[in-house]
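A, B, C, D, E and F are the chain letters, set down in written order, and residue numbers restart from 1 in every chain.
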Amino acid sequence: MTYTASVVGGSGFTGGELLRLLAGHPEFEVVQATSRSKTNKTVGHAHPNLRNLDLRFSSPEELESVDVLFAATPHGISMESIDRFRDAADTVVDLSADFRLSSESRYDEWYDGHERPELLAESVYALPELNREQLPGADLIAAGGCNATATIVGLLPLVEEEILTGDEQVVVDVKVGSSEGGAGGGEASSHPERSGVVRPYAPTGHRHEAEIEEFLGLDVSFTVHAVDMIRGASATCHLFPGEPVSKSDLWQAYRGRYADEPFVDIVAGGGGVYRYPEPKSVAGSNRAEVGFELDASNKRVVAFSAIDNMMKGSAGQAVHAANIALGLEETKGLELTGFHPVGAP
Amino acid sequence: MTYTASVVGGSGFTGGELLRLLAGHPEFEVVQATSRSKTNKTVGHAHPNLRNLDLRFSSPEELESVDVLFAATPHGISMESIDRFRDAADTVVDLSADFRLSSESRYDEWYDGHERPELLAESVYALPELNREQLPGADLIAAGGCNATATIVGLLPLVEEEILTGDEQVVVDVKVGSSEGGAGGGEASSHPERSGVVRPYAPTGHRHEAEIEEFLGLDVSFTVHAVDMIRGASATCHLFPGEPVSKSDLWQAYRGRYADEPFVDIVAGGGGVYRYPEPKSVAGSNRAEVGFELDASNKRVVAFSAIDNMMKGSAGQAVHAANIALGLEETKGLELTGFHPVGAP
Amino acid sequence: MTYTASVVGGSGFTGGELLRLLAGHPEFEVVQATSRSKTNKTVGHAHPNLRNLDLRFSSPEELESVDVLFAATPHGISMESIDRFRDAADTVVDLSADFRLSSESRYDEWYDGHERPELLAESVYALPELNREQLPGADLIAAGGCNATATIVGLLPLVEEEILTGDEQVVVDVKVGSSEGGAGGGEASSHPERSGVVRPYAPTGHRHEAEIEEFLGLDVSFTVHAVDMIRGASATCHLFPGEPVSKSDLWQAYRGRYADEPFVDIVAGGGGVYRYPEPKSVAGSNRAEVGFELDASNKRVVAFSAIDNMMKGSAGQAVHAANIALGLEETKGLELTGFHPVGAP
Amino acid sequence: MTYTASVVGGSGFTGGELLRLLAGHPEFEVVQATSRSKTNKTVGHAHPNLRNLDLRFSSPEELESVDVLFAATPHGISMESIDRFRDAADTVVDLSADFRLSSESRYDEWYDGHERPELLAESVYALPELNREQLPGADLIAAGGCNATATIVGLLPLVEEEILTGDEQVVVDVKVGSSEGGAGGGEASSHPERSGVVRPYAPTGHRHEAEIEEFLGLDVSFTVHAVDMIRGASATCHLFPGEPVSKSDLWQAYRGRYADEPFVDIVAGGGGVYRYPEPKSVAGSNRAEVGFELDASNKRVVAFSAIDNMMKGSAGQAVHAANIALGLEETKGLELTGFHPVGAP
Amino acid sequence: MADTVTAEDPITGEEIEVPADVEVGEIIDSPVTGAELEVISVDPVELEEAPELEEDWGE
Amino acid sequence: MADTVTAEDPITGEEIEVPADVEVGEIIDSPVTGAELEVISVDPVELEEAPELEEDWGE
């Protein structure tokens, strides 16, 4: 059986990635992609990789009836439009932060007033590694933030194995590519200003802390740097477990947790050029790489993780969750291999 | 039916790309990948995108019997090893320049002495857009050079429509990424030296001229620049047709020639950010983009083309040709969409 | 003696470079830098390299009286404001295209109506290698276009030595960095879209052809590509001289022409990593590199040139010309050495 | 008075930068630059920015007598050659790690056996912000490590103001460019592999920790990532002071410490594109930028610092220290302004 | 150069020079800290840290 | 600085300075053209354009 799908915000970056994935997905048929600024233009006009897709953007005001509606719009749009979205589709998968948190009070702590707070309890956070059992049948799904996803995937085994108990200081130093900013872009994301940067763009107070706190139960010290790549988010977590931990404890924690996960690979030392998680290794794929190193001298564990923010960090995660929600094989449409070599992906 | 395949030179760049393609190809099963320097290491050791491929490099001295052997070795190795290759496999697809030209004299003009010149007449140049009808059943196939491929694909309609007759001066100014140099790399391809370059690396005398001459019947003025990308070859051809030509003549020539080609798209003007062929638009895919513009004032046609040198320019072309040689559907295993956004791919 | 100077358009890219140069110039004192959007902000707010400059932007409506006014504003502003500029300053150096061409008819051929055509005959084109003797005492100076400068400097010896007579087809294939677009920047120059490109951004019809035509007396076939660097313009000129020419003829032409030029170096072959002109080699300096190669097989000369568009291609050229106009030592304030290594400068 | 100088290791990256600085320094005359692999070649052969320097590399076996010898050789060479260096020069400035630490025991903790341990007590660590008073008259000077320099400069005010007392956990997450690896370069630093990376290249155990420990008296948790730039080192220090600290405490600590330092600027918030320290802002200059942000929610201070590893992180620091050692004005030859815009510098 | 007057930097307490012609509500940057400051009165000039506009800044 | 002698640049014909201690077969570069030159005799020093080693140069 084929499901019909629409992408609201189809001219944006994550919207384009959704279109790429859905167009190649054997169980989905894309019937609509919206754009206000590019209405009636072909999808290829915005996304040159999709020149052969026979589809034109239409207005988000006139939504087709579909099985699944993916919303890839800026913060705040989905909560405003949610009734229209649910009228149009049985299942709504939202990529924004609008439905990620579970309560109004948590939302207000980090954001600025929710229009439909009653839906927060109803929506399901998408990340399957965390939430797989809650997804089947879910009809309002919130894909996680890219930096939050990188961090959660990197730390989850340590939390579940109680190597981290929640009392420790955990520093999370994130490096991200420019596609995180979306297709808009102002002066700070112009090529001359954004190339070659190591820019502390969220020194403190990044809103993805809220998700990490909620889903890992950890207060983390979070800092995000913009670096010169386009796709990719890499989280380096520095932590100081209360109890001594060995490298074999770490291997066991990560292997135990992720052995059966189709999209998580452990990369922790070894030879060759790629010894720890790197955004380059996963670019274009839905894989997350996680790894770690032990700093015996100061009892530190360094946990690394890397994802493609367009994939595991947004569109890929959304499709993964939709697969589970609909009862499809999880990896359907997501068996995409990354590249080697690949530049600043 | 599934064909078995091996990749000689599997630890190199085009070898890695072949492994990526063959691993995802429904009709191929990879049984061997060779490397002398990484014997017994996993394929993922060299190619981090292929960490999940359950295969280790073995010695090129001990070749398994397979249906198709792909050779992705430096210039000169295939001609030396060709008997062993053909003993091991029914079909040999070579990615080097060893079997591209059709005669010893042409070879000697550009290279330095062929060890098995008698095979030159027997081998078939892979580029399907040029050579489709000669490929079925071919058992010695030579994939074209990446810069030659970009140029040939860009100029072919002009030659076939006799907008170019062979008497005109044709300037071909090519820009290429660093993966063209292969995985070796010396000082000139180190990151500090190679980043940000516009380097005239083959000002004149590039050997791909030989292929262009042979297969297009054109003497071209060929100059290659290294620029800051990893994948990608872009050819800008400047030409001055003897007879006046209109934009609609050009559209007709290109549309006529390529309408039915599964891997060639025409991009010639229009709106948005991507108006002409660009390596970014095709990165990771087997597509070639071709396009043109008319300079009325000086009666010049500028023809553009862009490919991913790892794909259409080598491994993708090789698999495409193998598909045809074996009677498979041409696009099998090659229906890969590119990315947007993507950086320096 | 010290000259006072102001920079109109001081918050832009070439304006910032002028401020950098003038602040370090022993004979100039900057008294004003204008910006409408950043009025009253420090210069360091726009240009982080100039954090230590004790100067705030002021309105272009209130110009201080100075010896030299540099205008670094978009096309069309200088011609509108020229009377105010000349009231405020004895010498005006304009970086835009407004006063480059010598007659209204030539201007109208390429642009769209000049407001003060009578000044075109009066203004002096800045490029000292071309125009040194006309600069002393000039009070309206038009700095050349960056791509025109690269091309003119690369071809000048061939024209003066009559290796080029004006009848030949000359193809000029230019590669430029993103700072050419100025500080504004739209979607096409956002980091995700502009990174890693080889983009034919002016396939034909680039307005710098007008300057080349006027000052070299050559009709050229001109195509400009955007590539992944920030500073830099590189011109590759392909030409087919009527008479046979030898490498030693070329050396003599270039050496003869440029031996005494303080800012032009010949780089034509040799060993090491940097064998021909490259933008990286000149980044941050006012140097131009020029070079050539001979393609015996098709009687082609390939001439290369590379400049930093912010320096030799705009602000450096402007200061160079001002030095000459005022009777200062030519190289004053411009003895800046480039870098090695340097990335995408 | 002019001092004569030689650069041992003149063909390398820091050696080239020393030559650039010394050639432009009004008080120095370079009389020798050594290279074993490029003996008798011009300096411009290795460093294209120095094409106009009239000097050829000579053998390090035949050292000229000079006032100051700068050694820019790999780890271990200076300790072997120190007697020959001191015979040839009154003052030796070494850029390697050979003479940075103060005792054999500390050296052995991090490195592998010192050949001349007795000199460790005698040598002076170069960093003037830390060590200014010990430099006048020093004749064996050890320039600091680039990552150590970035870290020390970033944390020094916090240590001196006792915001950090030595008991706190301090996480230092460093991002560096590819020139740190020197001109050699293997597979991991080839352009295709090194472009676009966020690579944890020293997850733990980086030797620069030794210098930080020694000169700041702090045990830090140190992790270094390779990112896609060429020049630049950026340190992000996450720390949790025992006592509450306010933003104005931080401003006072940094202002108090650095107000009079010619090469340190504080950048901590504010508007525009460049709000915190960034390698791009200091590229090509000897400046360090330092800054901070306060994370009230988890009582964290984040301290940022950014330098150009070729300048403040090696050659610039060496010349700065030599200026002080010889009694010259400190900033002589180092008044170089950075660039805007600049790419991946 | 343009006339200046002095005002107190609200972050460091130091005296800074600001253009004499600033107007209430205008945002200038501190030459000491680089921080954006809002002019809250003009005679004398009083300054206050301007609220950050995170949204505008990249990502 | 090291002793030098003069020799004729084989490309431009100009007199150039070369180190006195060069040996036959050594490759040096011309300070005029940057081109690689092979020392073919030493007393006097005679130079010839060295063959290009394309292979070594990137791609």
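Just so we're on the same page, a residue touches a chain if its C-beta (ideal position, glycine included) is under 8 Å from a C-beta of that chain, and two chains touch if they have at least 3 such contacts.
Worth saying up front: this structure is predicted, and the values here are computed from it rather than measured.
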In contact with chain C as well as chain D, sorted by label, we have A, B, E, F
Could you name all chains that are in contact with chain E and with chain F at the same time?
C, D
Same or different contact residues where chain C meets its copy chain A, judged by the half mark:
same
What is the chain whose Cα centroid lies farthest from the Cα centroid of chain A?
F
Suppose chain centres are the mean of their C-alpha atoms. Which chain sits farthest from chain E?
F
Which of D-E and D-F has more C-beta pairs touching across its chains:
D-E
Dist(centroid_CA(chain B), centroid_CA(chain E)) in Å evaluates to 59
Compute the distance, rounded to whole Å, between the mean C-alpha positions of chain A and chain B.
35
Cα centroid separation, chain B vs chain D, in Å, comes to 45
For chain B, write out the residues touching at least two other chains, lowest number first.
13, 177-179, 181, 183, 187-189, 192, 194-196, 199, 228-230, 273-274, 278, 280, 341-345
Numbers and ranges of chain E residues touching at least 2 other chains:
27, 29, 34, 57-58
Per the contact definition, I'd like the list of chain D residues that touch chain F in the complex.
31-32, 40-42, 44-45, 51, 54-56, 58, 64
Considering the complex alone, what residue numbers of chain E touch chain D?
11-13, 27, 29-30, 32-36, 50, 52-53, 57-58
Residues on chain B engaged by chain D in the complex (per definition of touch):
13, 177-179, 181, 183, 185, 187, 189-192, 194-196, 228, 230, 343-344
Which chain D residues qualify as touching chain C in the complex?
13, 16-17, 20, 23-24, 41, 45-52, 177, 179, 183, 229-231, 265, 267, 270-274, 278, 280-282, 284-285, 310, 335, 337-345
For a test of understanding, state which residues of chain C touch chain F in their complex under the given definition.
247-248, 251-252, 255, 266-273, 275
